[in-house]
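One chain, chain A, links the two complexes that follow: it is found with chain B in the first and with chain C in the second.
Right after this comes the complex of A and B.
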C-alpha cells in the first residue's frame, strides 16, 4: 500500500505541506488556496516537527498494526477512514497513535486520508522531501 | 478446528478478527448472555445523552457474523468441562471446543447497603442503560454512587434529562484511579459548573438514600472469573500471559476478566480498558488459530470526555511532576512514567508510546520542551 514517506534530509521546514493539507480539505469549495485559508487558523493532518537543525513532516504512517484502529471504542475508525456518523470524539485514537497523527479539530477526529490517492502535501513539497510510494512489497 | 468464544464484546470480537487472520475455515461459536448484536459498552452514556443511537453504537457492522462466518448463540455458559473440552449452557445444551476463549468481562459490584433499595440501577450494559432511561423523568433526583469513570459518564449522560444529579463517593476526590489530586480538582470544578453536585468523603446512610428518586450504583466492577475457578490460575482476575493464554491448556482469556502485567510498573493487575480488551482478544484469536502473537507493552490508559472537557491519561504517577498548563508529566531522570492531559490533549499518543516502550529520555526536559512547542 502506498503512503507518504518523508526524507528529512531534504525537508526545508517550509511548512507548505501543512498549508496544502489544510487546503485539501476545502479544495472542493475553493479553487484557490489563498481564498480557502484566508483568516483561518489551519489544523493540518501533517505537521512539521523540529529538533535542533532537523525538520521533518509527520503524518499518518498507515501502520500495518494500527493502534488507533484497534483502540477505537466505537468501531468508527478503520484502516480505510472514519465513519463520522458513529465517531463520538472520545479521543482514544489520539491516546493511542504513537506518531501523534490523529487530531481533534472542532470536536471532529481527523486523520490523513491521502486525498483519495493524490496527496496534496506531496505535490506541494518544493524539495521532494515528501514522496508517495509503496515500499512494503519489495 | 472449532473455536468457542464466551463473550460478544471487544475482546470476543477481537478474537474473531484474530482467528480469521489465520484460519478462514474453522468453526467459530460466540456465546453471549445478552440479546444484542455486538455493541460498544462505553457508548451507553452517549446513548442516554442522545449522541449515538442503538444502531450506531454497534461495534461492528450488521454483517459481521456472516462476513466472518461465525455463529452467535444467545445463551449463558454455566460450566466449563476442561477435560472434555466442552461448555455447558443454561439451556442445558453443551458445546464442544478445540480452543476456548473466556472473554466474560466484569459485573457491577453492589455493596450490601443497596441490597434492599428498590429504585437502583447499575450502568454497565445496554440493558442497564435502557432500564435507567425508562425510569428517568425531568423531576428525577438522581444519586450516583461512585465518582469513577462509569459514575461520571453516567452523570454526564443523564444530566439534561433529570432534575438533579448528585455523585457520592467514599473517596475524597473524583476519578481517584486515573487522576492525581490537582487534576481531580480541575475536573470536579468543571463538572460542578455544568450542574453536577458532589458528596465526597461521604459514607452514605440508608436515611440519605430516601432523598433521591433513583440510585445508580457505580461502585466499581468485579471480573467475571467464576467459570475458570479450579481450572486456571486466578488472582483478582484470570491470569494471562502476553499470548493471552491462561494456565489451562487450550483455554485463553482476554479483556476485563483478566489480569496482566502493567509494563509501566511491572505489577500484575486488572486493566479493564476497551483497547486492551480488543488487543488481548485479537492476540488470543491469532494464537488459538496456530499463529504467533503477543500483546506487549500493556499499560493503564484512558481517554474520556466529560461535559466537553477532554482528559487523557496513561502510565503511573511516580517520580517528579512537571506542569505545562493543566497538563502534568511524571518523570524520573531518564523516563516518562505517566501523564495527565486535561483540555489540551494534542499528540497524547507520542507520550503514551514513550511510556509503553520505556523510551530513554536524554533529559526529562525533553518532554516539557516538546509539549510547550505543540501548537
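Right after this comes the complex of A and C.
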C-alpha cells in the first residue's frame, strides 16, 4: 500500500505540509487557501517535528496492525476512517498510537486520510521531502 | 555612521491573503520577515531584502510581492540613483563594491539584433517531427589530412574528441562558489543529457568521480585540487586563463567558506583563503601556455582534449590565433556578460567585450589563417535561449557554455547576491540549512527539462532553415541578418543587414 514517507534529509522545516493539510480538510467548502485558513488556528494531521537543525514531518504511518484501531473502545475507528457518531472522545486511540498521529479536535478524532489517494502535503512539499510511494518489500 | 541608503525593494504583503503561516519567516535567510506572535501578524524589514523571491514563490497564498521601493532622488540624467547609492555605500564602507552573476548594465545585446532566415517556396524547410535531425557535435582538433596505409586502408589519426548530444555544456562553476547539491544536479543532468559539466577551479569532490565521462576538470591559476588523478578523472582538461565577468583578475574564496569537504577537495587547510592569482605565474607567453598544454596532455596520455578558456577582451583575435597554435584542442571564450560568484562590481560592469563580436572575429581570423580546424570554439557569457545558441553556431561556434541559465533552471532568481554566501535557493552557499534546499532530484530534473526543451527548439529552428544537421549551420552566416546595426558592426559580425 502507498504511504506518505518522509526523507528528513530534504525537509526544510517550512511547514507548508501542515498548512496544506489544514486546507485539504476545508477544500470542499473553500477553493481558496487564503479564504479557508485566514484567521484560523490550524490543526493539521501532519506535523513537523523540530530538534535543533533536524526537522521532519510525521503523520499516520498506516500501520499494518493499527494500534489505534485495536484500542478503540466503541469500534468507531477502523483502518479506513472514523465513524464520528460512534466516537465518544475517550482518546484511547491517541494514547495507543506510537507516533502521536491521532488528535482530538472539536471533540472528534482526526487522523490522516491520505486525501483520497492524492495527499496534498506531498504535492505541496517544495523539496520532495515527502513522497507517496509503495515501499513494501516483495 | 548613519546609513544613507533607502531600501531598494519593498515587500508588499496582501493582508487579505496572508494566513500568517510563517513560511516566509522561516525561508528568508536574510531574516527580513518576522512573526509577531501576540498579534499573529507578519512584519518585515525591507532593508535586508535582496529580492531573491524565495518568499514570494513559497508563500502558499501568493500574498507577497517584491517591488522596487521607488524612493527616488532628485532627477538627474548624469547622477542616477544607482550611482548615488554606490557612492554612499563606499563612503560608508571604504571597500570595493562586490557583486555576483553577470554584467546587468545596459550595453547592446547583439543576439537581439540578429534575425534568422527561413525557407520559403524555393527551398524546402524540414519538419523535425517527421525527419531525423542531428544536433550531435564533436569538439576537438580535426586531423590535418587523411592518411592511409600502403594498402589504402585509412589510418585513424583523429585527435581525442568530445562527443555531445547537443552543442551545449554547463560552464565552470566551482564547488565552493556553488553548493554540493548544485554540483550534483549539474553532474547528474549532464550524464542524463549526454553533455558535459565543468568542475571549475575548486577540484572534483570524490563523490562525483562517477560522472567522469561527463566532467571537464579545470586547472586555474590557483591550481586547487589538481593532481594527476584529478586530471585523468574527467573527459577533458580546461586551462582557465580568464573569466568574462572579471578578465585579468584572479579569484578569492574567503576562508570562512573553506570548510570540511571544500578544504579537502581544494587541498588547502580549513579556514585559509583560497586565492587564485590574476595571471598563471608560469604563463607569460603563448610558448609558456604551450608548455602547460603539453604537460597536461602528457599527464593524460594524449587521450583527453585540452581546452583553453579566455575572457573576451580587445585583442581576442590575436590571442585566439596564438592559442590555436599552442596545441590546445578547444578554445572557450567567455563574453563580458558572463556570470561569477563574486567580482568587484566595477570590473564586472566595465571590462571585456561582447561575446557575439568576439566570436565572429575569432572565427574569421582562424579561417583566414587556415587554422580553424586546429580548434573547436566554445562560447559563453550570457547564452539565454535556444535562439542565442542557433545564432552563436551560425556565427561560427561549435558549442556554447551555459552558466547563469543553468543556475536559473535550479532556482536562481538573479538577485546577484551570490557573494554574500546566503543564497536562499541553496545554490551559491555553503550553509548546510540552505544547501539542503536544493534537492538534486529536482535540480537535475529541471536542468534536463530546460535543455530538452532547448534541443527541441534548436531542431525546429534548423528545420525552418532547411538544415538537418547542426554541423551544417556552423559558421553559416548567410542564415543571419542584422537589424539596427551600423556598417562596422555588420562587418565585424560578418553578416548582412536585413533587407540585403
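Keep this in mind: the second predicted complex is superposed on the first by the 136 of 138 C-alpha atoms of A that agree within 3 Å, B and C clash if a C-alpha of one lies under 4 Å from a C-alpha of the other, contacts with A are read in each partner's own complex, and residues count from 1 in each chain.
Quick note on the criterion: a residue touches a chain if its C-beta (ideal position, glycine included) is under 8 Å from a C-beta of that chain, and two chains touch if they have at least 3 such contacts.
Note that the structure is a prediction, hence the values are computed from the model and not measured.
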Which of chain B and chain C A:94 touches, first, second, both or neither: first
First, second, both or neither for A:86, with chain B first and chain C second: first
Which of chain B and chain C A:12 touches, first, second, both or neither: second
Touching partner for A:132 - first (chain B), second (chain C), both, neither: neither
Which superposed partner A:70 touches (first chain B, second chain C, both, neither): first
Chain B versus chain C as contact partner of A:20, first or second or both or neither: second
Partner chain(s) touched by A:103 [first = chain B, second = chain C, both, neither]: first
First (chain B), second (chain C), both or neither touched by A:56: neither
List of chain A residues in touch with chain B within their complex: 50, 67-68, 70-71, 73-75, 85-86, 88-92, 94-100, 102-104
Chain C to chain A touching residues, read off their complex: 16-19, 21-23, 26-27, 40, 58, 60-61, 63, 432-433, 436-437, 439, 441-442
Sites on chain A touched by chain C in the complex: 9-10, 12-16, 19-20, 23, 33-34, 37-40, 53, 124, 126-129
Of all residues in chain B, those that touch chain A in their complex: 10, 14, 40, 42-43, 46, 51-52, 56-61, 274-275, 278-279, 282, 301-305, 310, 312, 314, 345-350, 352-353, 373
